[in-house]
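Structure first, commentary second.
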C-alpha cells in the first residue's frame, strides 16, 4: 500500500516546494533591494550637494549654504568619546565573564543586566543622561554628557563582542601558560589578551559605527542646533550629523531650501557609519580566515 | 630503595570531581631520572593523577582531594604550598601541541621571563639550550622570530617541550604528547624522551609506546592503581589478572 | 571488586580539601576590579530605573504647580495636552500609538525576517551566504535618522499622492520603516537559531525522502521555535523603542489610531520632541519621565521574555 504512495504525491510536493522556496528567495532579494534603493536614493540626491567646501566649511545663511564640518567633527568626537567610555568597562566585564566567572547567581544577574541594557530604548538613555550627567552631575549639555550616555548605550555590544573574542582563544593557551607557572592574571594579560585583542577591537568598531549614527541619546545631552565654537573642551556642546539632519528636516525655518544640505549630510553620515561597519566586517572575516588555532 | 632517589610520592590519594570519585587510595613512589609511563583505559584516572602533580586540577570546579603528594620531599597540597611555584618546577606538555600565538623565541622565553629573566643575552642562551634539549635547534635556529603556529604539528609539540624545559623543571609531565602527531613526528618525540635523561611522567593510551620508552609502568583501572613496576616485568609477567587482561587486549 | 564509583564522603570529612585556584592578594584585587566592570551594566540598569521612576514620581505628587496627576488619568486618559493652561497628562493615546506602529511593523517584519533567516541558514549556498550575511548586518547598521529622513522625504509624499491621503506621515509609513529596522535583527538572530539545528537531524530527514521545504518546516523550524520567538520578540523590542524613525514619520498626532493611515504620536517620539522644549523640573518634565518609565517597563518585559526564552532554548540544545 505504501509502495504506491511513494511516487504518488510527487507532483504536488514539487509544486509546493517551488512556491515556498520562491518566497524565501524573494525575501532575500527584497532585503537587498530595500538596502540598494535607500543607498541609491541618497547617492543620487546627496552627491550633488557634496564637494570639498561642504566637508570643510561651517554652515552659513541659516544653514542654507556652507558645509557641515562642525557636525562631522562633533559626530566623530562623540563617537570616540563613547568608545573611550565603553571600552574599559566593556573589556573589563568581558574579561570577568570569560576568564574569572563561574556559573552562578551572580553571573546570571550580570548577564541579565547586560542583555537588558542592550534592549533599553535609545531615547531612555537620553532621558537618563539628561537627568544624571547633564543635571545631577552638572556637566551640562556637553561632549562629556553625550559621550557617557552613548558609551552606556554601546556598553552591551562592546561587552558581548569582546567576550566572544576571548572565548574563541583556545583553552589550551591558558593551560599552557598556567602550567608554566603564570598566575591567572599573567596568563590573561600575556597570552589570552594579545590573541583576543584584534577580535575585541573589531567588535568595538561596529559599536563605534552605531554610536556615530545615534540621534535620540544626544539630542538633550550634547547636541547644539548650531555652534561656531570648535570642540576644544569636553564641556562644550557640539553639532552632530544625525541631529543636524533631523533639525534641518523638521525644525528649521527653511526646510525646503536646505534640502540639498539635508541629503548631503545624510549621505556623509551613511558613508561614515556604513564605512566603519564594512571595515569591521572585512577585518573580522580576515581574522577568522587567518586564524591558525 | 634509596630514599632520596624518590622524586614523587603519593600517599592515600583520593580525588573527587563533584560527586564522582576519580581516584581511589593511590600510593606510588616515582624515581628520579626515570621515565614513568601511566597506562589504562580512558577514564581510568591516569590523566587526572598526572594533573594533580602540578596542581592543574585546581581549575576544575568541584575538585576535592584527600591524602598527600610529595615532590622532592615537599607536600604540594600543604596549605602554605604555592601552586605557581610548583608549576614552575614541574613542567607539563599537553595532548595537543599548544604553542602561544607568538614567535618561537617568545614561546620559549615565556617561562624564563615569568621568573624575571630580562637580559637578552641570557634569554638567547636559554632559548638555544632549551631548543637543543628538545632536539629542535637545527630545524628552527634561522626562524626564531616566526610564529610558532606556522610550524608542523611535530615541531609545535617540540616547541612546547622546549618551552617547558626552558624553566629547567625537576620533572616533566606529558599528557599523551603524541596522540595528535603523525608516526614520524611521534618517533622523534619518543626518541627524545628515551634520550633525555630527565625525570618524566608520561600518560599514554598506547601500550607499545609505554613499552618502548619507559623504565617503569603504572596501570590504572577505574580510579585505582592496579599495578606498578619495571616496564619489562609488567608487560611480560604481570602480577595482577586485570593487568594481564589489559595488556593482552582481552578486555574492552 | 567495586564496579560503580563510590559516592563521595561529605565535604567536611576530615582530611578532604577543596581544590581551588589560589589567588594572591594582588590577583584577588585584579579579579575584583573586573567584577566591578562586569557589574557596571547591571548597575546602569538600576540607575536608569531609579532615575526614571524618581523623576516620574514628581508627576503624581503635589508640587508648585498644584495637585499631582492621578494614576487613573495618566494611564486611562486619551488627552495629552501638556502645555495647555489647564494641562492634561493622559498617556493612553501615546501608548496606543506605540503599540499600533509596533504591531504593524512586526506583522510586516516577521515573515520577511524569518524568510531571510531560512534563506541564510538553509537555502543559500555558502558563497551567497558569505556575502548576504554581512549585507544584512549592514542593513541593520543604517542610522535610524537616515531611514526616518527617507520615509519623510520620499515615501510620505508618494503615499499621500497615490492613496490620496491628508498626510503621508502615518501608522503605515512608520511601520514600514520600523519593519526595515526590525527585519535584519530578526533575520540574523533567527539565522543563529536555525543554524544551531544539527546537521545530523537534517540529514536524517533528507535520508527519509523529505524535500528541502519539508525538512525545513517539519524538522528545522520546530526545533528552533523558541530561538525564533526570541528573535521576533527582540525585533519587537527594537521597534517599540525606536525613536527617530517614528518621530519623523509617524505624524505626531496624539490620538488613538483608527486606521493604518492615521498619524500617531508614539511614546518615544513624544519624549524626543518635547524633552528639548520643557523646563527641567516642571510638571511636563516629570510627565515625560513618566512616559519614559512606561516605555522602559514595556521594553523590559519584552527583553525579560526574550532572555527567558533564549535561556530555555540554550538549555535544550
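Observations, loosely collected:
Should a chain be cited, it is by its letter among A, B and C, assigned in written order, with residues numbered from 1 in that chain.
We take it that contacts are C-beta pairs under 8 Å (C-beta built on N, C-alpha and C of every residue); 3 or more make two chains touch, one makes a residue touch a chain.
What you see is a predicted model, and the numbers here were worked out from it, not measured in a lab.
Innermost chain of the displayed assembly, by C-alpha centre distance to the whole-protein C-alpha centre, is A.
Chain centres here are C-alpha means, and the one lying farthest from chain C is B.
The greater number of contacting C-beta pairs, out of the two interfaces A-B and B-C, is seen for A-B.
Per-chain CA centroids place chain A at a distance of 16 Å from chain C. For the pair chain A and chain B, the distance between C-alpha centroids works out to 48 Å. Measuring from the averaged C-alpha position of chain B to that of chain C gives a distance of 52 Å. Residue positions of chain A with contacts to 2 or more other chains are 183.
The set of chain C residues touching two or more other chains comprises 21. Residue positions of chain B with contacts to 2 or more other chains are 59, 84. The touching residues of chain A, counted against chain B in their complex, run 102, 170, 172-173, 175-183, 186, 190-191, 194-195, 292-293. Considering their complex, residues 54, 56, 59, 61, 84-88, 91-92, 94, 96, 98-102, 110-111, 114-115, 147, 149-150, 160, 163-164, 167 of chain B touch chain A. Every residue of chain C that touches chain A in the complex is listed here, in rising order: 21, 23-24, 26-27, 30-31, 33-45, 47-48, 51-52, 55, 111-112, 115-116, 118-120, 123-124, 132, 134-139, 141-150, 152-154, 180, 183-184, 187, 209, 211-214, 217, 234, 237-238, 240-244, 247-248, 268, 271-272, 275-276, 280, 288-289, 292, 295-296, 299-300, 302-304, 306-307.
Interface residues of chain A facing chain C in the complex, by the touch rule stated above, are 6, 13-14, 16-17, 20-21, 23-28, 30-32, 34-35, 38, 41-42, 88-93, 95-97, 99-101, 109-110, 112-128, 130-132, 135, 152, 155-156, 159, 183-185, 206, 209-210, 212-216, 219-220, 242-243, 245-246, 249-250, 259, 262, 266, 269-270, 273-274, 277-278, 281, 285. Those residues of chain C lying in contact with chain B across their complex are 2-3, 5-8, 11, 13, 15-22.
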